[in-house]
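Handing you this structure, nothing more for now.
In order of appearance the chains are A, B, C and D, and numbering begins at 1 in each one.
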Amino acid sequence: MVSMDPQIWIAAFLTLAATSYAFRDNKAFKFAENTFIGVAAGHQIVMGVKNIRDYGWSHLMQGEMIYIVVFLLGVMLYARYHKEYYWLYRYPIAFLVGNGVGISIRAGIHSDFTLQIAETASPLIASTAMGSINNIITFVGVITALSHFIFTYEGMHKDTLGWGPKIGRWMILLALGASFGNTVMTRFGMYQGRVIFLLREWLQIIA
Amino acid sequence: MSIWEKLMSIPREVIMALVFIAILIPALNPLGLPLMVGSMSQAWYDTVDNMPAGSIVLFDIGYGSGGYPSLGPGNIAAFHQMFENDLRIVMMATDLEGSMMYPLIMAGVKPESNYGAVYGEDYVFLGYIAGTQTAMAGVLGDLHALASADYQGTSLSSLPLAAEVGGAEDFDIVAYMTTAGGTAEGWVYQAYSQYDRPILGGCLSMMTTSIKPYYDSGQMLGLMDGIKGAADLEFLTGHAGDAIISSDILSFTQTLVLIFILIGNVAFWMQKGGGK
Amino acid sequence: MDYRRDIPLAITFLVGIIAVLDYYTTFESVTNTFTVIKNWGVVLQAFALGLGAVNLFRVHGKRVSERTREDWMFSGWLLLMLVLFVVVGLGTGQYDASTQYAWIYNALYMPLGATMYSSLAFYMAYGSYKVLRARNFEAALLFITAVLVIIGNTPIFPATFPVFFNIREWIFGPIVSGAYRGIRIGVGIGAVVLGIKTLVGLETGYLGRW
Amino acid sequence: MAIQMGKQGKIKIRRIPGLDAIEEIVGRSVEMGRPVFDIVGMGVFTDIYATQTIAGLSILSYVSTLCARLGAKLYAPQASVDVLPVAAEIVSESYRMEGKLEELDVEEQLPYLSGTQFAWASGIIGMAARLRPAGNIMIGPFWAESMMFAETFDRIGAMQIGGTARMYQIPFFAALCDYVLIGEEMFAAGAYVSGDPQQIGSIAAQDWYKLAALALGILGALLATAGVTIIGDLLIM
């Protein structure tokens, strides 16, 4: 028995409208896309105001007057659209970029560089024969893939050493194939959720 | 037009219709095929299983509507296991829509009726905190300097679990589920690299290859590989849900994709190889 | 000293250095300063969330007022949806926790967010049929692992021939681990070098137009 | 320090194979009398993918110079209001340098389609179906629309180069394009083409890190196999 809930009907219509793009671009899809953009921007404002209240205004209420500076910087973000004083928005952006970059690169060196090399610098021969083969293949993969991304050292691409980047490109392509295969599963894994919604919540023909 | 050219130019609408049918059939009558559990999902399950009761988990709902169809079921299965093992969970959201996923997940888990869990003592939800890595560093650094209330405005001091937690050292493990590469890397940087906290990560399967280096180097103890990992965890925890239904749908749709690939390539080579 | 450029660059440098020092040192003063910076960062990011809406009002507001383009009604509808979410979200005082907001979210945002990207599954099937070809040696390499992983991900095959499961697990072992660790090191270094250039003011694209 | 060396011209970037493929594409489109597309993606200057957009624009200037010189018709549809003026200025500069400015019609050849993803995707697909280009160069930040573009241009029979550093989209370009610039190759190509010492300098700096990683990795593995795990332990410390 088909659901009587208007919320489910709206959701079902929008699900079908959003799917229609796969067949051909059409008015229903344009309607769905514009709804999506408007709703997403509205949600951003609601969550933004809530965060300003919870993590900014609450501090002001507790007497931390220094937070006035944060509110000032926050408003300055919107000077970006002012004809003459647009450069004011650079102060808060500079703060955000400094914070964002500092917070990620400080750990990036450790997680993406030293620890990855430490993992590479582990014994090649394992207890089992298969284990050793796998270790060697992984080791060759890392070293050749890395050599493929060396651009300024001319010698890397000549004669015997030249095999490094070539094999590296092959190993990368093999790994990209695995990623492509997994992406097929990602897309189907997500869309099947919508079909189950249509059959279970909307048409109510499956449990 | 030779047979091969015909085979190479099946109209798009026919292909799309076939795909839609390939989803409908298993959805209408599931096959219930046996499941082979991947090693990374098994690692997630064992890590949580070996944690002593009462341990505190920091869990980031780092996805929204775009990720819900494949990460939602995995999140539900993960919470089932955590509540069953009497772990205490401090939840937060680094994704803008994370706080809208929370009620849907709780409806799937029902911790009160299934496990007698009490909000405030066994689990707390801090809500969405802006800034992704800034939010992570803020919570792990000094929670109470940042936040004073939970997602419904209840003050943290009145919630025993929230009052007990001050920063990274109070969390026994950090777990997240996300559709964003920045969030997946962010937790490795902020929780493991900075505070040496063990990590469990769930992501879309298209991200698995680029997140795996963290799992290989021991920076992550478990990795839930999209809908496949979710089905594994549902199977391991014994709480069948949408993810297991999806594996039947995946069987049909991906077999169809394999057939398309076969047709496309055979026709391509026959036509090129003198089939003209 | 141009206050329009040098002060912002100085802010970026100072905040970035404090973040890095907070990681490598354990001085009480540095940690406390950075805790303040982090908490300010959350509020500032929250403020930045409104920029998207301002941009939409400028672009689509103009289209509605001029009514030149034949799709101006879509722009009007877009702004109406934006205002609807803001009014319901802020009106109840409970923001995202109110039942009315959850209702419109689950009616509008959820289906669109979940379907918009997942409908690419149809494109994925069509693309695999039309273009995923072993046309040359390099494409053949990618083709082999793609097909083997798809087979491994299709539960019906590993269930009947377990060898396919082991092949997929093996591909995600040495093949993926090796190459992607190399790629991850490369990407990591790229981000660090770019980060250092940004902090010292050599990379200023983020400051936008002059 | 690397950037100082870059300024003194001490650093040379090796020839990126992808650039030869670009020349082949422009040549092919001149022979077939059909246009060439160069898409730099939807990135803007203030997001974290800014460097990919900048590398894409360096390639755009190289492609527009080739098109002006060989007489191929270039189309570079735009998706971002801040990138459009910069791209228009780059292309005009290339045509002026080749003395062919009068052949360029910026309005028609660099149209602004849309800032929203799917409207941008269907705008490009419509243009491609109408103009039936012989070649398509896509270097810059790309999202889910990469699959749609590659499939559409292949159906039209265009020779394609894809290049992005967004990890999840590289497999699509690798699978569907005739040639692919994988991740950082795109930055090296951008630096090689632009000749800007700062870009070349930072490529060199990154290479030194990678060479260090190679040396430590190889040495460490050999020693570890012999039972001496000094390097691994040092790095984890």
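The rule we apply is simple: a contact is a pair of C-beta atoms (placed from the backbone, for glycine too) under 8 Å apart; a residue touches a chain by one contact, two chains touch by 3 or more.
These figures come from a predicted structure and were not determined experimentally.
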{"item": "Set of chains adjacent to chain A and to chain B", "value": "C, D"}
{"item": "Inter-chain centre distance, chain A versus chain D - centres from mean C-alpha coordinates, in Å", "value": "20"}
{"item": "Geometric centre distance via CA averages, chain D-chain B, whole Å", "value": "33"}
{"item": "Centroid spacing, where centroids are CA-atom means, of chain B and chain C in whole angstrom", "value": "16"}
{"item": "Contacts with two or more other chains, residues of chain A listed in rising order", "value": "21-23, 30, 33, 37, 43-44, 47-48, 50-51, 55, 93, 99-100, 103-104, 106-108, 111, 113, 115-120, 139, 142-143, 146, 148-149, 169, 172-173, 175-180, 182-185, 188, 190-191, 193-194"}
{"item": "Shared-contact residues (touching 2 or more other chains) in chain B", "value": "12, 16, 66, 68-69, 96-97, 99, 127-130, 134, 137, 146, 194, 205-206, 208-210, 213, 216-217, 228, 250, 253-254, 257"}
{"item": "Multi-chain contact sites of chain C, meaning residues that touch two or more partners", "value": "23, 38-39, 41-46, 49, 96, 105-106, 109-114, 116-118, 120-124, 126, 128, 130-132, 138, 142-143, 146-147, 150, 153, 172, 176-177, 180-181, 183-187, 189, 192, 206, 208-209"}
{"item": "Contact graph of the chains (line, ring, star, complete, other)", "value": "complete"}
{"item": "Chain A residues within the chain D interface of the complex", "value": "21, 25, 29-30, 33, 37, 93, 113-125, 139, 142-143, 146-154, 156-157, 169, 172-173, 176-177, 179-180, 183"}
{"item": "Contacting residues of chain B [partner chain C, same complex]", "value": "10, 12, 15-16, 19-20, 31, 33-36, 38-39, 64-66, 68-69, 96-97, 99-100, 103, 127-131, 134-135, 137-138, 141-142, 145-146, 151-153, 194, 205, 208-210, 212-213, 216-217, 228, 247-248, 250-251, 253-258, 260-261, 263-265, 268"}
{"item": "Chain C residues within the chain D interface of the complex", "value": "59, 116-117, 120, 123-124, 126-127, 130-132, 138-139, 142-143, 146, 183, 185-187, 189-190, 192-194, 197, 202-203, 205-206, 208-209"}
{"item": "Chain A residues within the chain B interface of the complex", "value": "22-23, 43-44, 47-48, 50-51, 54-55, 58, 62, 99-100, 103-104, 106-108, 110-111, 115-116, 118-119, 175, 178-179, 182-186, 188-196, 199, 205-206"}
{"item": "Chain D residues within the chain A interface of the complex", "value": "11-14, 16, 46, 116, 118-119, 122, 125, 168, 170-172, 174-175, 182-185, 188, 192, 200, 203-204, 207, 209-211, 213-214, 216-225, 227, 229, 231-232, 235-236"}
